[in-house]
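After the structure tokens below, expect a handful of questions from me.
Each chain carries a letter (A, B, C and D) given by its place in the written order, and its residues are counted from 1.
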């Protein structure tokens, strides 16, 4: 097996593992939804309407993870080789991805409550995505600096463009984190808007 | 890597991610089944018999997701390229797929109750499949219009035939949705019949 | 893409989907294990010892699914093409695979109880594997009869040998099903012994 | 299909199945996290802080499984063929991997309690990893002895180096197991340190 073929296979396996974690995390979000009438004292239809924060949180997380998967996918069109440091950084990134069903359920349970917990839940939610975005940028920096793990055909200009694009994520999630202590709901709306913005620009872009 | 080879790889990864979500969603259906005797006051055998709505709902959802997976699989024999819009549409489709374990548990819990909740549960169940079918048709329309993302060897005639076939899904699930407010059970039976019909025609077809 | 290449790809995707379901079902078995001390009134160590039926059931199911995965894997070294009927039969087979975490939890909860539920749980457990074995034989019969979906290089003799081997499964699980009403525990021991037998012969065989 | 191509495909499928189980097990760890405020009597922020043992256990298990996945991945760069014994040994290894979400939840629930259960939980946790490490070494011994399933280009020297490296795992987890009866917390810290050590040496190494 040639060196290039070997490296391609290695990278493919890393991508497949990551895809598996993304796919499982995105599907586990559904476990957060429950039959509202099991709690009693409410009709099913009213209970489902009252459960809107759960659907709101689920859709926000679903689109966010989907966009991340798409960007992860795209990033690995430039990264052609792997080493153990990349695997660890990617693993750290996946750790934050797997936390999403948990942080989503916190938002779903608390976002409409009048006490401080709405803002705490949003801060945990935004904070997890913020850390994920930091790791993401670190991972890209590691792969792209000195062209370390990029494909030979990737130009410096392409790499720099991506570096600039990726800055948007920590800034956005950082903003959501800063907003959270004042209004949990606004913070989650920002995160949904970020996902929506990426989705729309993707739609226009190409 | 040639352009064609690259596009093939991209499409393969989208398929693999989708397959993962289908496989996880179809397997998570089992989490809806519980040990009936844990609720107390009933023998295990009687409890399992009383739990028939859960099995009925599980089998309906299992066959429906299985048929969808087969059709998704088949659709991507015609779609040879991807772009970010397709990824988003496909993501939206998968969102509705991942909701299935939740909507299935609503049907299982309520379909035999005498109150309105049986019809509400069936409406949510049918409505989710209806929206999924709309997205499905939108996805196919996007890929096939102007031959945008189809393989070069796919003829206009083939594409039109598939377009016509796919109309059956929103019509069927739309019918189930319309029936739901009158009889939740009848609505779910229609959905099971749709899956059975596809399965049988598949068996005869080829 | 040549016809043969296309068929290879189709079969590979069916295998990958099946592998996904096997992998998820085998991993979901762990959800059946719970912290015994949460029920109160017992130390953790004593609680874990008392939980032996859960470990016993988990190990039985794990080895059984593992052997099935290995055999499924092996079967698809002979099956080189797919059609929609095979996909449906395979889907039916996977339905019974996904039920395993549920039937396993029934065994774990009831196998040591003095009432009839131990035998009922074992009958459901054995019965599910029995139906799975029937579908398995049906699937193989469908693929092999008239050499329908087998590779060209597979000889009639090879196919017949496999046909004979596969008869062992419904016979074994049928025996376990017959034993269940008399002794649930004996029935599950038979199923564990079947898995162990396959594992040992595999070890000797090659 | 040539013999070598066939063996490559077989090994790839074993790796893919293993990757699936690793990915699912690592993602299921999140199910152990719960909304602390659902237990009542505590604010969300205080509840999350009190839940530190859950995060501590989750991170320990996540990094441990991640390192195992990386090493499994690396091991299969040397193993080029499979047989049914390897599949069984690998299955046994995966059994212990799938137990991790369970043993992790035991640690999370008990590690800060003043009674004996903290040490019992840590012993179960360390013991499971210890058994896993024993199976791992057995698997490698089986594949490497007499160069049984290694690639032709793998030298005796390479194989011996790996054999020596793999000894570290049972020694480390054995130490954690010995420590557990005296201090559960220290035992889990050792396991986290082992994972951290592997991660750091990986970072330095290459």
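Note that in this section a residue touches a chain if its C-beta (ideal position, glycine included) is under 8 Å from a C-beta of that chain, and two chains touch if they have at least 3 such contacts.
Owing to the predicted nature of the structure, the values given are computational and were not obtained by experimental measurement.
Peer 1: Spelling it out: a chain qualifies if it touches subunit A and also touches subunit D; which chains qualify?
Peer 2: Looking at subunit D and subunit A together, no chain touches each of them.
Peer 1: Are the two sides of the subunit B and subunit C contact the same residues or different ones, given that same means over half of the numbers occur on both copies?
Peer 2: Shared-number fraction below one half, so different.
Peer 1: Using CA atom averages as chain centres, what separation in Å is found between subunit B and subunit D?
Peer 2: Here subunit B and subunit D have centroids separated by 36 Å.
Peer 1: Taking the mean of the CA coordinates per chain, how far is subunit C from subunit D in Å?
Peer 2: One centre to the other, that is 25 Å.
Peer 1: Quick one: which residues in subunit C touch 2 or more of the other chains?
Peer 2: Counting only residues that touch two or more other chains, subunit C contributes 16, 20, 24, 28, 31.
Peer 1: What graph shape do the protein chains here make by touch: line, ring, star, complete or other?
Peer 2: Contact pattern: a closed ring, each chain touching exactly two others.
Peer 1: How do the chains pair up in terms of touching? List each pair.
Peer 2: Every pair of chains meeting the touch criterion: A-B, A-D, B-C, C-D.
Peer 1: Which of the residues in subunit B come into contact with subunit A in the complex?
Peer 2: Against subunit A, subunit B makes touches at 10, 13, 16-17, 20-21, 24-25, 28, 31, 83-85, 87-88, 91, 94-95, 98-99, 101-102, 105-106, 109-110, 115-117, 120-121, 124.
Peer 1: Hey, which residues of subunit C end up touching subunit D in the complex?
Peer 2: Against subunit D, the touching part of subunit C is residues 15-16, 19-20, 22-24, 26-31, 33, 35, 37-38, 43-45, 48, 59, 62-63, 66, 69-70, 73, 199, 202-203, 205-206.
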